[in-house]
Amino acid sequence: MSTAQNLDALYQEIILDHYKNPHGKGLREPHEAEVHHVNPTCGDEVTLRVHLADGVVEDVSYDALGCSISQASASVLYDLVVGKPVDEALAIHEEFLALMQGKGEGEPDEDVLEDGIAFAGVAKFPARVKCALLSWMAWKDATLQSSKGSST
Amino acid sequence: MTSPELPGLLPELEVVRKDFPILERVLAGGVPLVYLDSANTSQKPQVVIDAMVDHLERHNANIARAMHQLGAESTVAFEAARDKVAAFIGAPERDEVIFTKNASEALNLAANTLAWAGDRQVGPGDEVVITEMEHHSNIVPWQLLTQRSGATLRWFGITDDGHLDLSTIDDLITERTKVVAVTWVSNMLGTINPIAEIARRAHQVGALVVVDASQAAPQLPIDLAAMPEDERPDLMAFTGHKVVGPTGIGVLWGRRAVLDQLPPFLGGGEMIETVRMDGSTYAPIPHKFEAGTPPIVEAIGLGAAVEYLGHLGMDAVHAHEQAITAYALDGLATVPGLTILGPTDAALRGGAIAFEIDGVHPHDIAQVLDSRGVAVRAGHHCAKPAHARFGVQSSTRMSSYLYTTPAEIDALVDGLEYTRSYFKLA
Amino acid sequence: MTSPELPGLLPELEVVRKDFPILERVLAGGVPLVYLDSANTSQKPQVVIDAMVDHLERHNANIARAMHQLGAESTVAFEAARDKVAAFIGAPERDEVIFTKNASEALNLAANTLAWAGDRQVGPGDEVVITEMEHHSNIVPWQLLTQRSGATLRWFGITDDGHLDLSTIDDLITERTKVVAVTWVSNMLGTINPIAEIARRAHQVGALVVVDASQAAPQLPIDLAAMPEDERPDLMAFTGHKVVGPTGIGVLWGRRAVLDQLPPFLGGGEMIETVRMDGSTYAPIPHKFEAGTPPIVEAIGLGAAVEYLGHLGMDAVHAHEQAITAYALDGLATVPGLTILGPTDAALRGGAIAFEIDGVHPHDIAQVLDSRGVAVRAGHHCAKPAHARFGVQSSTRMSSYLYTTPAEIDALVDGLEYTRSYFKLA
Amino acid sequence: MSTAQNLDALYQEIILDHYKNPHGKGLREPHEAEVHHVNPTCGDEVTLRVHLADGVVEDVSYDALGCSISQASASVLYDLVVGKPVDEALAIHEEFLALMQGKGEGEPDEDVLEDGIAFAGVAKFPARVKCALLSWMAWKDATLQSSKGSST
């Protein structure tokens, strides 16, 4: 349900800030895996690369076309996972996923999700959950691909 | 809502609006519904809903096969719906009207049967011509056909102002062309295409002309029988839910001679003449293409829908659409940073208007509008290639219909101003 | 009507009957309706009609693509219907439930996609096995597939007492067999087939098992997830209008791995991932097989229907059907010159009972019954080969459902006596 | 609409008599054309032969499987057309067709249709009109075929 109040819950300042000034945007070398994900409903797209080294997420670089929610979420993803051990990053991913799928009932843990807690309002808009998850799904896909790549 | 006096509006528009129960709907936050997504699906008048309810509560039975009283009533109602649809499009023969589940199935029926042995079979060396402004439902079936048959797919491009680029017509439509499939009215750009001219050229080379009338049937008066034969489509598709009818029903109209040439599409039910384990023969049209229990209550709903449109008069509906579209084009032009994709002359276009606003993504526009009760569509509207042609991935689309008021357009324009300020655009 | 006390009848049958408005219908001459044609199509409870009306009057919008409130409501309702259908058949995964327009389209989807390039493609040298007791909708699609692909069609015969002749199973199902398609319950003979046994054998040779559950879903509790994997069908079809739902909606359930292997069927709308003019990629199931605007209000009606059946309990519905069928078999046995086609043990059969009366043609029987308000079906019931097997061209068929009372069976039997006297049979 | 009264209108004595004792039944030689027609709804079938000579319908012979209406109508057809000039027989066919398609409003001409007027009641039962017309349509088809055949 979309009213003026929860419009503000959706478009929190933090989200709009990330949207205007996305962190980590652009495609960079080196990378072990690159994926391209699409939201078939609206056409939003992300191309995303990961660079892992010694079990740590060294870099996540991306080029994204999409709405404020999907752009801001890629920026927050970058902040949250770069520099973290892969295991820890995957745990953050789980936490973010749970928040998004909680229909707005979830209690986000600010220590884990930092700016990501601003997305709590998005969970109340089923049509927008996919926007918030686009880059996160791409990141997980790329991470699994590159972990597989490195273990062979 | 009080409406400015615009010439061309449907007489007694407020009374007409009362026919549509959903228009009374109040949304979250107590805001009234402003439904501007009719190119996506139209709303239903009470008379359509009542026709369906009456059927389900009093006459429901399977058709054709049932000889009892309910069966006879149901069959008469279903076939009367075919008569009404035939009258709506001026079909030369009522048996040329095939009921499908939607426009997509109708177009796939055409493309799929052309893959199989028959007088019209498409094969290697043959060409199928479509356009860049088609809905996915008039692209993918032809991609599947050409991929599977070894034929070649070619297409018309789009000019900068949103028209078909017909300068390549003689290069595109040649003696290799077996099918030309084109939309009458674009669901994204709003463009009305010159289907008569394209049909004439296609018929000169013996190609089959398939017209997607999904956006035309709701808005334009159609009289197939009155068209000169060389300008008349051979096959034409439209969908029930966009002409104030229910979902689950679409129409393929086809010239009898062509439908007779096509092999069966789906098998089973009443599409047969006789069935033996080692082979079957098929019923004549329309039943040949109506396998299984058809969408009976949906056809009855569609019959009531086109009858309703007939009572309003399609000329009047078209005039209303043009008046509203012109008013909307004017209103949208006042919004800073707004660009319209497609023709900007209301007389040359249908009622779907796709646009962009610099600095705000279509999703975000639609979201803010929704918080004010204004329902528009954001995305690629199942027309990715047309978006790609204009270098965009998605757009916002408003689309009006016979129940749309100028005040609703005002609400949209106000909402767009608010969106700009919400996202702090200068 | 006062009902004799039969063990197994639905509790509070008279209350249940009140859920179905059409059962109050009075026919020509003031006679009440005795509806015994439910295998043809079932009647609809008020709750199904109301769910559809509520959607059309308050929530109507296109799904998936629309981001506004009505669009969200419509999408949620449509996908909730998928959940309900998945629960109804115990589907291992809800995304394995594909909405089609009827059972026939579901079966054709299977047969049609098997013709095209893919892991499961059927070609020359391959064999498809069906049975002589199939509905035309599970015969003609496989005839079209085998004719078009160069494969061979083979079939199980029927024994004199109306069962599948499984003595030939090892000869019929071999390593050449790519598909075994069989009906769970016959719509003509009423026979319940041993699909577990057939599936086990078919899976041993790697064949795909397609089950037509059009007559099973209304009557038998189905729990796919609980079946041993080698006995579970790979694809299963049924139709909305026979499970107290509306027309215009059917279901194909398929094992994910199999659905993933099949190429797309119809193209367009939301079945895509991305579309470029030179090629497209496709969405995952279920959307991959749902081209165009789906039957939205119909899916919502079907959801309400299977929920209604769930509240009654499919075990209770099945017990009721068996009690009525046994009562009917007893009643029919008292009519001189009447022969039942199919098994005569109620425990081994569904509720459709086809019969002949010496010296009166089925049409004439149905006509006389109709003059007394008793609605039955006369003809070949879309099962010509099964009729041919018994050397008849047509038959009369009564078919009961959860709302049928013993008194209605009495009315049938009285009507048959009257028919005999009307035609002056000794 | 089917009530006890118009049940009797449908199943007139004449119809039941023809049904019990069909005239001209059986396939005979000589014949110039043979056709096979099916009513797809119910499966009723007729195989029908015509023998024309000097512009006269010399014989109509048939083998039919079907309901009382379709059987009786074949028998009446036999009575009405055999021995008549082809033109006259086709005119009778027209008259019968008009009666059947008149929804029960038509006024049958007994001089032309003889026992055929008993079918007036059938026209009120849309589902049964096809039964009454099955052999008549077959006859017309066969007659046109054999006229074509003879003129070449």
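To keep things simple, chains are lettered A, B, C and D as they appear, and every chain counts its residues starting from 1.
Convention: contacts are C-beta pairs under 8 Å (C-beta built on N, C-alpha and C of every residue); 3 or more make two chains touch, one makes a residue touch a chain.
From a predicted model like this one, the values you see are computed outputs, not experimental measurements.
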If I rank C-D and B-D by number of C-beta contact pairs, which comes first? C-D
What is the distance, in whole Å, between the centres of subunit C and subunit D, each centre taken as the mean of its C-alpha atoms? 37
Could you put a whole-Å number on the gap between the CA centroids of subunit A and subunit C? 46
Centroid distance [mean C-alpha coordinates] between subunit C and subunit B, Å: 31
Using the touch rule from the top of the page, what residues of subunit B touch 2 or more other chains? 27-28, 65, 67-69, 71, 270, 272, 274, 363, 367, 370, 378-379, 384
Residue numbers of subunit A (touch at least two other chains): 1-2, 41-43, 125, 128
So, with touch as defined above, which chain pairs make the list? A-B, A-C, B-C, B-D, C-D
Considering the complex alone, what residue numbers of subunit D touch subunit C? 1-7, 10-11, 16, 41-45, 65-69, 71, 125, 128, 131
Would you pull the subunit D residues touching subunit B in the complex into a rising list? 1-2, 38, 40-42, 125-128
In the complex, the residues of subunit C that touch subunit D are 27-29, 31, 361-364, 367-368, 370-372, 378-380, 384, 387, 393-394, 422-423
Which subunit C residues qualify as touching subunit B in the complex? 21-22, 25, 27-28, 33, 35, 37, 40-41, 43-44, 48-49, 52-53, 56-62, 65-71, 101-105, 107-108, 111-112, 116-117, 132, 135-141, 143-144, 148, 153, 155, 239, 241, 246-250, 264, 266-272, 274-280, 291-298, 363, 366-367, 369-370, 374-379, 381-382, 384-385, 388
Using the touch definition up top, name the residues of subunit B that touch subunit D in the complex. 64-65, 67-69, 71-72, 75-76, 270, 272-274, 283, 287
